[in-house]
Amino acid sequence: MTSRADGRDLDQLREVRFTRNWLSQAEGSVLVEYGQTRVLVAASVTEGVPRWRKGSGLGWVTSEYAMLPRATNTRNDRESVKGRIGGRTHEISRLIGRSLRAVIDYKALGENTIVLDCDVLQADGGTRTASITGAYVALADAVAWLRGRDALAGEPLVDSVAAVSVGVVGGTPMLDLCYTEDSAADTDMNIVMSGAGTFIEVQGTAEGAPFDRGVLDELLDLGTAGCTELARLQRAALEASVA
Amino acid sequence: MTSRADGRDLDQLREVRFTRNWLSQAEGSVLVEYGQTRVLVAASVTEGVPRWRKGSGLGWVTSEYAMLPRATNTRNDRESVKGRIGGRTHEISRLIGRSLRAVIDYKALGENTIVLDCDVLQADGGTRTASITGAYVALADAVAWLRGRDALAGEPLVDSVAAVSVGVVGGTPMLDLCYTEDSAADTDMNIVMSGAGTFIEVQGTAEGAPFDRGVLDELLDLGTAGCTELARLQRAALEASVA
Amino acid sequence: MTSRADGRDLDQLREVRFTRNWLSQAEGSVLVEYGQTRVLVAASVTEGVPRWRKGSGLGWVTSEYAMLPRATNTRNDRESVKGRIGGRTHEISRLIGRSLRAVIDYKALGENTIVLDCDVLQADGGTRTASITGAYVALADAVAWLRGRDALAGEPLVDSVAAVSVGVVGGTPMLDLCYTEDSAADTDMNIVMSGAGTFIEVQGTAEGAPFDRGVLDELLDLGTAGCTELARLQRAALEASVA
Amino acid sequence: MTSRADGRDLDQLREVRFTRNWLSQAEGSVLVEYGQTRVLVAASVTEGVPRWRKGSGLGWVTSEYAMLPRATNTRNDRESVKGRIGGRTHEISRLIGRSLRAVIDYKALGENTIVLDCDVLQADGGTRTASITGAYVALADAVAWLRGRDALAGEPLVDSVAAVSVGVVGGTPMLDLCYTEDSAADTDMNIVMSGAGTFIEVQGTAEGAPFDRGVLDELLDLGTAGCTELARLQRAALEASVA
Amino acid sequence: MTSRADGRDLDQLREVRFTRNWLSQAEGSVLVEYGQTRVLVAASVTEGVPRWRKGSGLGWVTSEYAMLPRATNTRNDRESVKGRIGGRTHEISRLIGRSLRAVIDYKALGENTIVLDCDVLQADGGTRTASITGAYVALADAVAWLRGRDALAGEPLVDSVAAVSVGVVGGTPMLDLCYTEDSAADTDMNIVMSGAGTFIEVQGTAEGAPFDRGVLDELLDLGTAGCTELARLQRAALEASVA
Amino acid sequence: MTSRADGRDLDQLREVRFTRNWLSQAEGSVLVEYGQTRVLVAASVTEGVPRWRKGSGLGWVTSEYAMLPRATNTRNDRESVKGRIGGRTHEISRLIGRSLRAVIDYKALGENTIVLDCDVLQADGGTRTASITGAYVALADAVAWLRGRDALAGEPLVDSVAAVSVGVVGGTPMLDLCYTEDSAADTDMNIVMSGAGTFIEVQGTAEGAPFDRGVLDELLDLGTAGCTELARLQRAALEASVA
């Protein structure tokens, strides 16, 4: 099996690190790293739900994604300064929220809202997948915080969720693309899976030439293996005691 | 094979209609209908390209998607009145643009820009897939308009592109969901394919429970067949002479 | 009497067509055409009224006007993308709402709101007057829908309303200007009248040289005759049965 | 002839005052008063014209209208704070600009731009007509400023322009409505005329019942007389020497 | 002691004028002038307080500052047109509100809100300090208006407040800088003081070289003397009877 | 001398830490901490200057400040989502930029621009002063980066700059307030000083009762001592070698 610029195998994740409780005031928080990609996720719990959901007995989980202006190689203008949120930001915020909601039992959560803020401090490819994987960890801590206050009506987390990118670079399918690989990819796919190994979201895009079913199958295999490994790392991080 | 509310087979498209040249002033235009879903697509050609592309000798294709306020069952506020474009609109505009660009040879297009405006006049599910399928037809007419003026450096269309939704409703995979089916779907997938039968975009989302690889494969099969049929209908529409 | 580029007499309307129920989900809708000008009007009924009117027992009617980006000969940027509504759009929306409200008995309407969305699909002059004339037809259908549900406290429509443009082109007053005539006009006037032949709105503007009282009188005569004919066509359209 | 709340005759203007050079830094400025209505108009001259007009040899004149938050009886939120300009503001700004441009010879003005800022300091009805009448005075002073610098290619002012409101209150047509009259009017009309007595803009609106041709004629007569008197007052103000 | 361009002594204020009740509809208003700088301040009283303060029994005072586009030597675009309020405007609005709130007894004011709109009609340096000094006068009149209606629970004004700028120009500290002095200043300081001679706000900025403690002390002395004189002028203005 | 909640002396700083090169892609970066307050500062260098400064031979330095939504004890909405930047953000961004520019020799910097992004990851009082102190360190690294590329025309840093808050809490003046102290302060002052011990900015505000000259003097003494210590820590951090 051919190796890559950074020496990784084609089916190998970058080094993944979770630093829980990076923030002292949030109900859950984690600094998640996929190699050089660093995302700070904060889970904020508030009692009550948005107006359209009041009185339903059901909770709500949502997410916002953003990037610091110098997370990238050259500086980008702030969306607050531009006065509008770009399409890419909107798209990723929606994807993260949808992915986390797929493992939530709203009834067990009760009328509580959890907002997951995913702020990319440094970007080196895979910021949306790192955000999802980290958001699950922060969410689990926020749920534990609610449990500690007897504010739950059951177990709101029906499974874990993790995400990874896969892609075809120079004709070769590979796992967890860094920025330079991502820029050169013909096909780019983000895969979000439950801890049980089922699909929550599959988004594949032909950046160059369209791809055939065989390539699609290879990418799904790589992504499935990657998510399985990430789920294991999440469990280990959540089992560790934190300061 | 079980049939559906409107009597269709599970692998059957709704009636698809293309009314070319619906607008008299646009370089290409089509009113595309997937059953009750009606999208007016206008292709606008302008000489020149965005600033970041000037002098490259390469063309550009982009798209904007929007919905009239009463395209849906209850009225939605206008995004122009709200002063901001929603995440869903951004996401779909980006998807359409990306899908069409996948079949463009920028060098052959030369320094020309084609904007594809997809305005949903009536919505009954599948507005983004109808937009893509219709946009290809309008794009082909706009390219023909450029060819008629000797403004091309070759054949800019390397293939056709069509799109369809598939989903799992009540445990059953089916093709081309109307609104009531879409609302009830556990899994929803949009598939964009080239005329050659390769994938340009695959976006599958678990609205309810996550789905396994077997379901994913069934949905890909259904979508592939649907896109093949749509490509045939596009060819027929483009071969017909218009007023 | 001199005839025009398209062969019309100076006091002749373009061909006017009303296609009622163009939309299947709106309480009232019409595709109105003044020659090549095509406006899709949707009347949306909602129970209740804006906050400042609650508990008054009175209804409300309002309107929003917009143009698709390629309704015109060259493409215009979307107002949703620009993030703000232009002065012209505001002005026309206000004019349409005011014109329709002039024939409404709010007490008979009861605490219901009707929004008239006028979206210009294709523009060839007279888009605001076609919008008003069409909006009356859609409004009448929406009122009939309310009547069918016993949701009215009387007859809310005290009269019909229609509108037409008149102008002086090359020194000659004429009725219902198309785009090329409008662009060349020295004086441009929009006239909104009730079915009873009284004025609801008169807006005359000297685009070139100011005009004298004699010209003003001639334009008012032309406009009065045009609105009388439009009122007749509205009645005929509303008496016809629709699919 | 019946008199009014403030003792005026039906065909009588309120006291009109022009305080020229109210600002020390603007090329032209006037505090114009129609009774309690006070508008500060500043004419700002800049060399050059907007991009779309460059190289044409023609000048440009435009206007912006706004109201201080406490110009009215109760405070209104600032449009800068709301982040958007309302329809009424847009509409009036456009009307003022159009009215002044009707008396401009762009060629004589040369490639200079004059912006007329009309800021309502206190509002008691007729703010748009006072703005137009005052703007002409400020414009004349700005043109004189340009003439003093030999920056003109001829006489840019082909005539003067003045405006006044007329309306039907309690069944009686009257001139120059103050706020309480305006609020009670069934019909409200703004008339903009040249010094030569021809019409530049006529905008009549039925606030209550539609009006017939006879009423329209009476209002036009009243407005014509009012504008004639205003033109006389403008001339007197411009002939006076100022500090 | 060296004198200045306009002949003033270094520790001398420009001519300060207060024209109370400049507006007929506001509960308090003043046209305040510091030489050529003219600010129109309107105090608007409304019953009730913002939501976050309801039921507290406490009142609220806030302020908004803005400049007319041609208050300055060259025209500035309107913030309403730009669609956003600039940092400088925000900063000054906040400063004025904070300064006035420092002399308010909220309990005595009761659940009433007073908004102080400070609109700069002409700017020649010191617009923020003139705004604060004038705002106190308008506020005092608005409080008197409330007292006249028995709407107070005590005396809401615990002291007066006045403000002045000081700066170092060409190495020399001086009081109340006009625009040309302000532009040339190395150090610029705004001082807000109570009538009792204590500090409410001190804002000193090194525009050129940083300044030492000795200069800071000199500026504080000059500003203290200036504010004492302004407090005397405020008392005189408020004791005078007005039309 | 009385001690505080966290055991500090009245004239003692919290623990101050600088982690240089926290970002791998920025030309300069530092994670600066004042106790629990954590600000990530990135210095971005770009060749060239804003348009209004082109061809002058002079450089430019500017700053943007922002806070992550969950930097605080309860979550705040994002300014990008609200579509506008608040007054506090504007005010602090301007203060930071002004403070850093006070120690820059623009000629030596040449036509280069350095943007200092200060993003508060966690807030516990003093975020603006920590931002300034950290921004100097990131700026120094960015200047070193430019020097390493021979892109400077001299030494652009004429001095260092550091900032600290002081305040009166419960009648006692103290240095470097944490959030709970800041909330309880009667007087709050931010002091920005050069390494040479001169003042760049002094901003004192009476949150409660106005303060007298004696208190002002005490606060200036405390702040001067704090800035001297911070300048020493900056030097130490910049002299240390980094990974």
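Order as written gives the chain letters A, B, C, D, E and F; numbering starts at 1 within each chain.
We adopt the following convention: a contact is a pair of C-beta atoms (placed from the backbone, for glycine too) under 8 Å apart; a residue touches a chain by one contact, two chains touch by 3 or more.
Everything quoted here is computed from the prediction, not taken from an experiment.
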item	value
Given subunit A and subunit E, the chains that contact each of them	F
Required steps from subunit A to subunit D (each step between touching chains, minimum)	3
Chain located farthest away, centre of subunit D as origin (C-alpha)	A
Reference subunit B; chain at largest CA-centroid distance	E
Computed distance of Cα centres, subunit F from subunit C, in Å	59
Separation of mean Cα positions, subunit E and subunit C [Å, integer]	51
Centroid spacing, where centroids are CA-atom means, of subunit B and subunit C in whole angstrom	33
Touching two or more other chains - residue numbers and ranges from subunit D	83-85
Successive chains along the ring, subunit A then subunit F then the rest	A, F, E, D, C, B
Residues of subunit A defined as touching subunit B within the complex	84-88, 90-91, 93-94, 98, 102, 159, 189, 193-194, 196-206, 209-213, 216, 220, 224
Touching residues on subunit B, where the partner in the complex is subunit C	23-26, 29, 36, 40, 42, 44, 46, 64, 66, 68-75, 78-81, 83-85, 89, 115, 117, 119, 121-122
